[in-house]
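Presented below is the structure to which this report refers.
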Amino acid sequence: MFLLILFFFSLLSCSCASVQDFCVADLSLPHGPAGYPCKNPAKVTVDDFVYSALGVAGNTNNLIKTAVTTAFTAQFPGLNGLGLSLARADIAVGGVVPMHTHPGANEVIFMVKGTITAGFISSANTVYLKTLNEGDTMIFPQGLLHFAVNSGNTTALAIVSFSSPNPGLQFLNYALFANNLPSELVEKTTFLDDAQVKKLKAALGGTG
Amino acid sequence: MFLLILFFFSLLSCSCASVQDFCVADLSLPHGPAGYPCKNPAKVTVDDFVYSALGVAGNTNNLIKTAVTTAFTAQFPGLNGLGLSLARADIAVGGVVPMHTHPGANEVIFMVKGTITAGFISSANTVYLKTLNEGDTMIFPQGLLHFAVNSGNTTALAIVSFSSPNPGLQFLNYALFANNLPSELVEKTTFLDDAQVKKLKAALGGTG
Amino acid sequence: MFLLILFFFSLLSCSCASVQDFCVADLSLPHGPAGYPCKNPAKVTVDDFVYSALGVAGNTNNLIKTAVTTAFTAQFPGLNGLGLSLARADIAVGGVVPMHTHPGANEVIFMVKGTITAGFISSANTVYLKTLNEGDTMIFPQGLLHFAVNSGNTTALAIVSFSSPNPGLQFLNYALFANNLPSELVEKTTFLDDAQVKKLKAALGGTG
Amino acid sequence: MFLLILFFFSLLSCSCASVQDFCVADLSLPHGPAGYPCKNPAKVTVDDFVYSALGVAGNTNNLIKTAVTTAFTAQFPGLNGLGLSLARADIAVGGVVPMHTHPGANEVIFMVKGTITAGFISSANTVYLKTLNEGDTMIFPQGLLHFAVNSGNTTALAIVSFSSPNPGLQFLNYALFANNLPSELVEKTTFLDDAQVKKLKAALGGTG
Amino acid sequence: MFLLILFFFSLLSCSCASVQDFCVADLSLPHGPAGYPCKNPAKVTVDDFVYSALGVAGNTNNLIKTAVTTAFTAQFPGLNGLGLSLARADIAVGGVVPMHTHPGANEVIFMVKGTITAGFISSANTVYLKTLNEGDTMIFPQGLLHFAVNSGNTTALAIVSFSSPNPGLQFLNYALFANNLPSELVEKTTFLDDAQVKKLKAALGGTG
Amino acid sequence: MFLLILFFFSLLSCSCASVQDFCVADLSLPHGPAGYPCKNPAKVTVDDFVYSALGVAGNTNNLIKTAVTTAFTAQFPGLNGLGLSLARADIAVGGVVPMHTHPGANEVIFMVKGTITAGFISSANTVYLKTLNEGDTMIFPQGLLHFAVNSGNTTALAIVSFSSPNPGLQFLNYALFANNLPSELVEKTTFLDDAQVKKLKAALGGTG
């Protein structure tokens, strides 16, 4: 038996010490196209693989009555390089997840509770719209505009999965109206009226 | 305005009709290394993107007091080619998710309710073990042995995300004892005793 | 020498007849997540690798004074599986390429002639805006909103490269206003005014 | 409205600051298999996404009467990780793009002006040869020998797209004759005559 | 125990029957960019995963005194979609593996017996040349010209691994001289003399 | 001729110096999801691409009478980023390669000499079992349990190829019994008897 133990230890010391089953992000180093460099495996503990912030409801006390809490690589470094991430969406009664895209990932939501009406729009301009109840799952393909509204009478909770640890998130309103993109360009490229653009720029802190 | 409409229609008729934002599996055709051929996009409806079976608790009235319900491509064809899938695990009091691996995907679980003790073992033979409560999230890297037991006093529910629509699932006990792999080979390659192997083969329907 | 010839012929008959250097799409078969099945290599000719439609200026006699001509897989089947595609954009004086995204590819444009002002908006909401002249090249990352306007006094011509043979193309206006997405949902999820939504729905053929 | 603004700012501060829509190369750090580490996004400006050197004709006053100007990652760091790159080829009357391969990318050329005869050779040894005029596009699959000659009576200009920001470039003549690979080995492995090898080694600066 | 058995059977009937651990090629169907469609898993046997032809020495009774036997997807369909393949090279005394590339894969050889001198040439035109003895391993990166000659006094045997089931194989001589590529174009794009080109075309069966 | 030389040198100085045909690992830097950062190409020599340790038989003087010698990135840094690696297995008479998985790669073995009985078990619980003789090749798909025993009367030697430079290696016995995973959890999740678990923990150095 002693020899067997020795065998295994020597075998593993030569081949497994170098194996990389995971790559917990070292956020202090610059990332690259495939993600962050890995934290030294010898310093990785189980806590690098566990994250608790998705267990806490976001604060929906805002105008859209919705909170989105993400567990992407930046929040949950253990996901680095693993090809998936999570988020939670709390949507109070009357709440809205505004029109947005994820440039870098496909998405699937699971309704933990409540009722929402959700949809996405394809490149062929077709609308895929559905009312989802507790236990329902829905797919939103990568890069396509999608949205949800609480269509029930309780706060809704959805757990969201993405096919990348870095899905990206572009809110349409914020992209158009909350920066210094000149109003004239917004109007020319969206056909929105000048008054409309200026009203939303004012509301969202945009200039130009 | 009429010209504008015409413009958009002609533009889209030449470029977007051919765009493939998604690839709902046509399960009647043979799959390939990247997944199934796609259902004709013209016949795709929102119901191809919505799945409700994860909303139904599995039957835990069995010896391991656990039920796993999968939403992989075969059950939810809309996931084909999208790089992710889901499952739910219902684990009754005293229940166990036996030691297993997913050969084809990383996994993240989210605890919807209850308390489990879960762990995985790395190539370097380190155990990463944690008690998870409602709202906790934990990572299980691809291909590594992992497991969970209900360590609370209520039925636990976990929503599980995978980084592939086809993660695979190999239960250790079933792989070793529930087929015709000769007992002699099981014993030689696992160092388990003959009596142990034969007892489990009998329990799990194995032969040889 | 005769033996040498024989050697080469026999060598190639066993190993190279099966090699697949390319995969010209057979558009008559259903595509899959990685593209279309390949046309029989024995029937492939040089004309499968040559495409001439990008040499013809599009008709810019429309309200936006712009024409986009694509060479994606559906138009140029030789690109199938090769990870890139092209398009040309003709933008007359006063013309606009409306706000849009490509859900499935990064983009680089090369200005063959003329002057445009182009920009994209990142997930962090930053605007990257530049006036481009003949010979300039600009990057538009995958899935991010971008646009261009002719800011010169001649028709502009840009050759556009994508990092996928199937980049997708979602025009913001068309997605929001040219289908049956209910006005109420558009308004709730974009914060646009009802009058604005209805005006653009009317112009673009939308209902609901 | 103030609350709405606050909502958006707080939402974005937690989720989008960490999103990586692009990865401009920091050429001062060592690259990895997927490319270079990214420049700090806070220091990225629009000029990282714009490149002007492809607008300048290369100097064709050399024996092959051709100039190739590349916009790969090393010249245009904004392409890092984006899966595509560009180049321009200026081919004067009588000019030649010598036989070469790109080990790391598929290629598509677009003829901006002039006429060339271009071709590639497949693993099955088939020649795909075509005369291309202004506006024509042609594919050269990854790793296969290809070439072009100006077959018109004006300088030709082609814009070239690659499916990688790091396509590689191996000129046959330079590989065989412009280094210290012993003549004997060149001759044995190419069946070229000794006089031929030595003549080209002398011309191209090779030794051995 | 009976319930446990039942549990496992029902669990597996719902989730594992659909899992695709492998994708043995069905060579009768058209392949796609990711490989061939899979043979029905129910008809797959262990013989789909076993191949014996690499155990047989190739016939080196030819002018180059070398035989290459491939186990690519077309010969060994079990490799389809698995990202690797094998070959064996038998190189008799005085034998040569002529200058060639693999457009689609990196390569590593292992010398089972004998001595060869092998080399490859990088894009930067550097020669990496080494004499390899029994037990040595050498890397040849994707798409780069490489070669070997038997530099010992016994027949050499190498087992070759590729990073793709479809590596491709382009012999330089065959590409240049064994087809209908016009001599004038060969000469212009390689700087070889007319006499040299015609001599090799005659030897290798080329025309034009 | 002088001009031609100048042409080539200037051409290469602008385009090829930046080309990355390979990425020899710099093991002194932290790796990332795609592998290690690359050693400076100017310091790379042919010895970075050659490895001799697979030519030396491992020491099989241990209880399982088997030695596995790996050439993964950590031992052979030239493989970094190339998508493949090698190993050798020496299996003395009566020797065993215990049940194990490779979480990160598909595997193909080639029998250089001797006779083994090898097998793997699929997610569908099917056993694929075969006796392999000199010259036979067998596939073991990624992440699935597999094993081998010497079933001949001489020492067997297998050369093993993997579809990743970092395949991982998880021995079942070591994962279950050679660490601090509590016996109670091992028993609950594997259905092994307490006596069996404690016997193997004692033999393999496990605690708990």
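What to note about this one:
Read from first to last, the chains carry the letters A, B, C, D, E and F; within each, the first residue is number 1.
Convention: a residue touches a chain if its C-beta (ideal position, glycine included) is under 8 Å from a C-beta of that chain, and two chains touch if they have at least 3 such contacts.
Here is each chain with its UniProt name: A, B, C, D, E, F = Germin-like protein.
All values derive from a computational prediction rather than experimental measurement.
In terms of the stated touch criterion, the partners common to chain D (Germin-like protein) and chain F (Germin-like protein) are A, E, listed by label. Path length between chain A (Germin-like protein) and chain C (Germin-like protein) in the chain contact graph, taken as the least number of steps between touching chains: 1. For chain D (Germin-like protein), the chain with the farthest CA centroid is B.
Across the two interfaces under comparison, B-C and E-F, the one joined by more C-beta contacts turns out to be E-F.
One copy, chain D (Germin-like protein), sits rotated relative to the other, chain E (Germin-like protein); on C-alpha atoms the angle is 180 degrees to the nearest 5.
Relative to the C-alpha centre of chain A (Germin-like protein), the farthest chain centre belongs to E.
Averaged C-alpha coordinates give centres for chain A (Germin-like protein) and chain B (Germin-like protein) that are 21 Å from one another.
The mean-CA centres of chain C (Germin-like protein) and chain F (Germin-like protein) are about 42 angstrom from one another, to the nearest whole unit. Chain F (Germin-like protein) has its Cα centroid 35 Å from the Cα centroid of chain A (Germin-like protein). Looking at chain E (Germin-like protein), one finds that residues 12, 16-17, 19, 21, 29, 32-34, 103-104, 119, 122-123, 125, 129, 141-144, 168-169, 173-174, 178, 203 touch two or more other chains. Taken as a graph of touching chains, this assembly has some other topology, since it is neither a line, a ring, a star nor fully connected. Chain pairs that touch, as defined above: A-B, A-C, A-D, A-F, B-C, B-E, B-F, C-D, C-E, D-E, D-F, E-F. Taken in their complex, chain C (Germin-like protein) has these residues touching chain B (Germin-like protein): 29-34, 62-64, 67-70, 72-75, 87, 103-104, 166-169, 171, 173-174, 178, 202-205. Put simply, chain D (Germin-like protein) touches chain E (Germin-like protein) in their complex at residues 96-99, 101-104, 117, 119, 121-123, 125-127, 129, 141-145, 147, 149, 168-170, 172-176, 178-181, 185, 188-193, 196, 199-200, 203. Of all residues in chain A (Germin-like protein), those touching chain F (Germin-like protein) in their complex are 1, 3-9, 11-12, 14-21, 23, 26, 29, 32-40, 80-81. By the touch rule above, chain E (Germin-like protein) contacts chain F (Germin-like protein) in their complex via residues 12, 16-17, 19, 21-22, 41, 45-47, 49-52, 54-56, 71, 76, 78-79, 82-86, 106, 108, 110-112, 119-120, 122-125, 128-130, 132-144, 159, 161-164.
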